[in-house]
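Both of the next two complexes hold subunit A, though its partner changes from subunit B to subunit C.
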Partner chain A sequence: MIGASISRWTMSYFAAALAWLFVALALMVAGLGFPAVHLASPDTLVLVHVVCIGWLSLAMCGALFQFVPVLVARPLFSEKWALPALGLLTAGLVSLLAGFLGLGGRLPAWLWLLPLGAILLAGGFGLVVVDLGMTAWLRPVGPARFVLVGLASLCATVAFGAMFAFTHAGWAGSIGETILANGVPLHAIAGLGGWLTLTAMGVSYRLLSMFMLSPDVDDRKSNMTLAAGALAIAVAVVGGIVAIWLVSGLNVVLSIAAVLGLATAALYGRDLIGIFSGRKRRQLELNTRMAVLSFVSLAAAAFLGVVLVLTGAFAAHVGAFTFLAVFGWLSGLVLAKLYKIVAFLTWLEAYGPVMGRTPTPRVQDLVAEARASKWFVIYYVAVWFGTLTLVAGQPSAFRAAAAMMTIGLAGIVREVIRTRRLADVAGSLRLPNGACTPCLLCARA
Partner chain B sequence: MTDYIDVDVRPILRAGGEPFSVIMSALDRLEPGQGLRLYATFKPVPLFAVMADRGFAHSAQALDAGEWEVLFTPTAPATKQSAPASGTSDFDNWPEPVVTLDNRDLDPPEPMVRILAAAEKLGPGETLSALLRREPVFLFPQLEKRGYHWLGGFSPDGATYELTVRAPS
Partner chain C sequence: MTNQVIDRIRDALRVVIDPELGYNIIDLGFVYDISVIDGAVRIVMTATTPGCPAIRFLEEGVANAAARVPGVRSVDIVMTFDPPWTPSRIEPEVRASLGFAAVN
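Let's look at the complex of A and B:
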């Protein structure tokens, strides 16, 4: 078959991801992990992995299971792998977190939980990488190339992470010790920069031009952006390993990667301006307006990074920089797009079978943008405020910002659930003959 | 299952050559029941009628960069009355479209809504044609479920997707 059907488990991934985001925010409100304790402390490791694996990676995987088949106009390599992958990722994350808690003395020190978690996560991500990779490989054009580079970066991230986990358990010898002592920035760059950022960029090209009726970004331009980004990750990972091996320090390698990363952000900005200026649709939907705030956050993170490097304060404030990149840029973009993806998939699932035979609502009839926009604004303002509190070194004010983010998120999630339940559709149109309300957590087969 | 012989005429076309004789000689070498899988740098519409006369149904599929893969399948007399699957059926003798839609400047997913609404109004065997900005990937499963056939591909400049939908006869 040519074409793309509704991904069965995307909603399950989104639900799990949002649940983990609530966990992360609860930890931040409670003052566990950074900034109350050091960045490398076990509590911070718990927080970071809840955010990066539980929230961002699960949301990204869920979106890609739907989006990659659309990009390549072919069905997913195997629809059956999505649910086992979610199970493995969840079990692996729980095991990893329990291991970190043991490392920090909050649980018995069963450090074998760390390699067990790493193996489960490698299994889950392995299924995702093969499934999405085999699908995208069929027609690697434009955005699909970003996904492929993102998946390769995910493999590098998992490899580093597994090495660290085995080292913590004392199973990786002196090589493991050396890599654990120096390689954490490489793990973070491959994960946040390669996997999450490059994939989000690739997906955003297509979603933005689709929703704004704008021509696709010229392949030569997006290839240049991707090349800069892929080179940044490759320099960081490969150069970083060589530098660790030669015991020469990571400064040179990370500086080159940072310049390339900055170039990637600038080229991406150029591509985005092209999409926005070429658009036929003047009135922007909420998801696009909110995506703009995430692009502003990316630019602000890049600016903050440059200022911190120039003033020699980057090492002291790497937490604030990462927070803005993770919650302003990545999480902001994912939340904005999730809001639209849920509405579209729910509409397609509920009304696709009867479309053309009976009057059906529009996608926009499933959402109440005026009501939802305030929750997004609360979320973004809280993120920017939180960044300032981190730069200013005010941990209690940071907890207030996290509480405000939680309120914004709760509002957004409530809107998404209402969309899924068709709660905002006018009564006469809501369930025409033959239509039924989709299930909240998965799509019907 | 039909066994297909691959014929890739893209190098000939890129070099400015004429691939017709190569295709015909490949055709002459086919065993009974074998089909032909043709790769070309454009949608070889004129060939479709020639091949139909020789007893081959075609199904064309756009590849990247404006290239096409076309399957020519021998039509066995015994299966003529059975309805083949959408997207891979024979496309001989499709009538002129009774409806033409220009959906290029509509917000997604409005193009899909309009095509399905217009398709529902077609009489048996009638066709509609539509212009779109993108390949309507979510529309195809809906058409398939309703028993429609379709044929589509991008124009050579890649800016417009031309779709023809035929109602079940």
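Let's look at the complex of A and C:
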């Protein structure tokens, strides 16, 4: 296969993901969950899962349904599974959140909603893993290997999560109680580090090379980065389970995983420098400039983590560290690339079919970067400010930062909708004969 | 006569752009070869990235544009990445306006 098809449901995943991000920010502005209450509280569990499943995982799945076929130059294993997976994931997340709210006394304590949510989420993620895994497995080259490790980490994350959900409902016995009491860091590392971070790294290699016309990262280098990352996750998950089994505490395992994680970030930084220095397009588009801010956030999170560990304050400030990693690195990168992916796919849908018959605009004609850049800057400044408020222990100021993030996000989403509507394309080129405005929430079959 | 048809096809293909770079595929050097035998056209072309979803539309766009040239009876598109496209294939003035590094 020389060219991938347009993924029909990627826009639907993006729309659902952005809706969940608004929900998460609304919760933060309202002061629900951390930092108003402690990290393990039911309200924080609601917030964390809205962000990690609703926002980041749905956005990542939507992007992967489009880009795994590009990475491996093979068609998707099954186009038909994407929509049922989205339905299962959404239903599962709603059920899980209702269970957490019951756990915290905000809803009736129907704790069976937690295992029900876990089963639905396992079904949805199962479809995603098999679909993307079977696609990437056929030609596991370069960045596709990151996706495979990310999918394996997703399986581990879901397995831990399901165990926790069954335990909360009282259906997992003493083994479940033991794993719930000790295994939450492993669940978080597998999800944020393995699934989301390693996958984001892999996809970023390809997207950055593609849009800047850089040579692909040498396989030996990216394999080294992946090996360090995969080892970090394997040590955390496998070593962590063994440590829990032996009742020996997680400190040694987590310390080794942290060092390997730091090495992964450093190697990724080396690979990025190679991509940027080898690029043929010298002028950087907005999506790339904003992705650079996410890389800066990753470096800042790594630095913050080291400083906190060295000063013995990591446990007290793990929330600030995680917030910067989740909203600066992961969310920043996803928003920057989503802005570009939407423009690119919208162009293909609107103008691809009439190419050769009539003049068409460029992808860049669909966006107004000068106007959009301020929303990204507001978002990033708010995230960095929010991190400082968490370190300083200022929950009220944190809510102000969350409000500022919401403003930035609203601006970005408005720009994305304008792109989808072809609102910024000059009148003469906007709708040539045969072209039509794409559907906002999905690609036409 | 054949050369005139090839020139007309080459001109017709200028309506097909690479959506990302924003210039027509002739000036970008995507078209490796055009041959015509008794109105049957064979175009060997490339793109920047294998697997890119734009490739299918580039192929269709080239076929559509070429088919509209008088004297063309059929069009066969061969998409290849051997040799891979490099920015050195871009017309110099276009390369300068794209802000490309003077490499490769």
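To be clear about the criterion, the second predicted complex is superposed on the first by the 443 of 445 C-alpha atoms of A that agree within 3 Å, B and C clash if a C-alpha of one lies under 4 Å from a C-alpha of the other, contacts with A are read in each partner's own complex, and residues count from 1 in each chain.
What we mean here is this: a contact is a pair of C-beta atoms (placed from the backbone, for glycine too) under 8 Å apart; a residue touches a chain by one contact, two chains touch by 3 or more.
In this text, all values refer to a predicted model and were calculated from it rather than measured experimentally.
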Subunit B and subunit C placed together on subunit A: clash or fit? clash
**Asked** After superposition on the shared chain, which partner residues are touched by A:66: those of subunit B (first), subunit C (second), both, or neither?
**Response** second
| said: Taking the superposition on A as described, I'd like to know which of subunit B and subunit C A:175 touches: first, second, both or neither. | reply: neither
So in the superposed three-chain picture, is A:238 touching just subunit B, just subunit C, both, or none of them (first/second/both/neither)?
neither
Looking at A:355, would you say it contacts subunit B, subunit C, both, or neither? Reply first, second, both or neither. both
Check your understanding: Touching A:344 in the superposition: subunit B (first), subunit C (second), both, neither?
Key -> both
Notebook entry, point to check: Is A:279 touching the first partner subunit B, the second partner subunit C, both, or neither of them?
Noted result: second
Of subunit B and subunit C, the partner touching more residues of subunit A is C
**Prompt:** Is A:141 touching the first partner subunit B, the second partner subunit C, both, or neither of them?
**Reply:** first
Subunit B stretch colliding with subunit C in the overlay (listed: 6-14, 24-32, 60-68 or 114-122) is 114-122
Subunit A residues where the subunit B and subunit C footprints coincide 1-5, 69-70, 73, 210-211, 213, 280-281, 344, 347-348, 352-353, 355-357, 360, 362-363
Listed in rising order, subunit C residues that touch subunit A in their complex are 13, 15-17, 19-22, 47-66, 68, 79, 81, 87, 98-101, 103-104
Subunit A residues touching subunit B in their complex are 1-5, 69-70, 73, 139, 141, 210-211, 213, 215, 280-281, 344, 347-348, 352-353, 355-357, 360, 362-363
Contacts from subunit B onto subunit A in the complex sit at residues 61, 64, 87, 105, 107-110, 112-113, 115-120, 133-142, 144-145, 159
The answer for subunit A against subunit C in the complex is residues 1-6, 66, 69-73, 210-211, 213, 279-283, 344-345, 347-348, 351-353, 355-360, 362-365
